[in-house]
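Take a look at the structures listed below.
Paired with subunit B in one complex and with subunit C in the other, subunit A is shared by the two complexes that follow.
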Partner chain A sequence: MPTSILGPYFRTIVTVAVIAAALVFSFTYARDGVYVEIQPLFEWMETTWFGYVGKTWGAAFATIQAGHLIGLAVLGGCVLVSDGRLLGIVLTDVPHRIVVDRADAVFFWALATLLLTGVFMACGVAMKIYYLPVYWYKMLGLACGILFHYYVRRPLVAHELGSINPIVLKMTAIASILVWFLVAATGRWIGFSG
Partner chain B sequence: MNEENQNLADGQNTGLKDAQSSALVAASAIIIFSAFYWFAQIQSVLELLELAYG
Partner chain C sequence: MSELIYNFAVWVDDTSWSTMLHESYYMYNWVESTHVLTLMISLGMLFLIDLRMLGWAFPDVPASKIADRLNIPMMVGFTVMFITGILLFYAVPVRSVQSIWFRIKMVLLVGCAINAYLFHKRMNESVSSWDNDAKAPQRIRNGAMLSLGFWTVVVICGRFIAYDWFDCGYPQPAFIEFVAGCVDGQTRF
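And then the complex of A and B:
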């Protein structure tokens, strides 16, 4: 059991460590080293079957992009419904637990759709996005959103909602909306760049 | 039996405290980052508008 190594606040310690690591990575030269190292990966992505189809067949790219946008819309809907319920703004006549659990199940499939279609799209324009700073902001936001949702938010709301400090619950809901809004905004920003 | 129940309740309570502390740290970091990020974005747009229209 990991709690025996780091004490009863294992999750908190890991969260602080991840935030510290992300800050160090973002504000030091470590980032530049990784950036150069992964360039061959993006060059290879363009040579894959996905890359060829994405570059040469516009209709396929547009169709997959439509799936990506629908996935994003569904994911955004799940976030707004679930976090809006935690904030007491929407669906106030439906119990918290039902809204949160059902939205979470749909969230998983929306995220899976986003990731699968996103990989295909990235292969088609790999070298373009490699040089776009906003693409890296999106990846940072996406990683942050996935970690936040599955490592922080989900274990929190798995507890009886009435026993959770309401300020922490509301802060979690606001942070969740903010991080997914950032992912969506930077995603659209990629579309308007380059 | 009572001791086992007490241990279980203590474990759940500790788990809740850990989840809450973790959520507080992560949510604070995201909210503070977002505040700075969107402030910088809005500032940038205002500067561009000022350059364009004076």
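And then the complex of A and C:
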């Protein structure tokens, strides 16, 4: 059984390997074959109802963008509160467990809002973002963020926090803040590109 | 009044630093990005406080603790947003001051400030009696809902400022021209 070979870190190691493979795939010629293959998907996205509304009704597109920003604000708030608690910066007089678990519940809905509004926005400008490298950086960052959150951070903090090496806990919190900041920053960068 | 505001904006626009900031691709984008990304600290904390009052987040953490502890990072975030917001206005003063979305946003920000003041006043007066309840009393919940609503519209207006639908440079209905403060014969947009 791989679990017994790799010990309690099996899921973390697999997740990190997947993220590393995604990075290698994204920054080498390996991606070129897939990149061309998925162009029809982006062309199709523009023909959907979302794509039609996004392209022809500017106010709807801008309102969904605002919803995306609000989702980002709430997600950022959850990450900063939860990871800030692990770093011993905020809500230090509330138990770790409560802060992390309660923030995670809100985080899920914020992430769902971001994904839903993000899909709508992507449909409206599908061919534009298809040719934007920064869009792909954001998607890569987002995939890493989701994988990291659900397959590394969450299982780690599910343990009794007192039994985890504080340095590991703090490094996880810093990595979490950085990965979500990267997602937000590359998202903003899309606005300046193309 | 519209002419006075317009003349003030033109005066600001004529300052060399305003031009430099507007025409500096990287600096302007850095300021704008900072303004947007700081949402995660300011509105992120604010929304969590409001959601706590509504019983939708952190229901088993005392309301006063959430409000008190998240207040500092929230205020740091709002300070950064305020400074970067002033800089964004300074870089594009004429168009900003004649944008109906900018005007609505400013009015709503005043509304947000008044609501925040009343919210904290009411909360501090009564929090000891419901601090550990999952939901705050109706009066406080109304304030939290109002806060969420106001700030949502503020973000929408902020996003709409980027669009030129009601800019003075285009033919507009008289009502829009009045609300936007368009000035007859203005040469700067």
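Note that in this section the second predicted complex is superposed on the first by the 179 of 194 C-alpha atoms of A that agree within 3 Å, B and C clash if a C-alpha of one lies under 4 Å from a C-alpha of the other, contacts with A are read in each partner's own complex, and residues count from 1 in each chain.
Note that in this section a residue touches a chain if its C-beta (ideal position, glycine included) is under 8 Å from a C-beta of that chain, and two chains touch if they have at least 3 such contacts.
Quantities reported herein were computed from a predicted structural model and do not represent experimental measurements.
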item	value
Touched partner set for A:Leu72, first subunit B, second subunit C, both or neither	second
Touching partner for A:Val81 - first (subunit B), second (subunit C), both, neither	second
Touching partner for A:Val94 - first (subunit B), second (subunit C), both, neither	second
Contacts of A:Arg102 with subunit B and subunit C, given as first, second, both or neither	second
Partner chain(s) touched by A:Ala60 [first = subunit B, second = subunit C, both, neither]	neither
Touched partner set for A:Leu178, first subunit B, second subunit C, both or neither	first
First (subunit B), second (subunit C), both or neither touched by A:Arg188	second
Contact residues of subunit A, present in both the subunit B and the subunit C interface	none
Subunit B - residues contacting subunit A, complex	12, 14-31, 34, 37
Residue ranges of subunit A touching subunit C (in the complex, touch as defined)	58-59, 62-63, 65-66, 69-70, 72-81, 84, 90-91, 93-94, 98-99, 102-103, 105-106, 181, 184-185, 188-189, 192
Footprint of subunit B on subunit A - complex, ascending	8-12, 14-16, 19, 144, 148, 151-153, 155-156, 158-159, 163-165, 168, 171-172, 174-175, 178-179, 182
Residues of subunit C that touch subunit A when the two form their complex	29, 32-33, 36-37, 39-45, 47-48, 51, 56-61, 65-66, 69-70, 73, 152, 155-156, 158-160, 162-163, 165
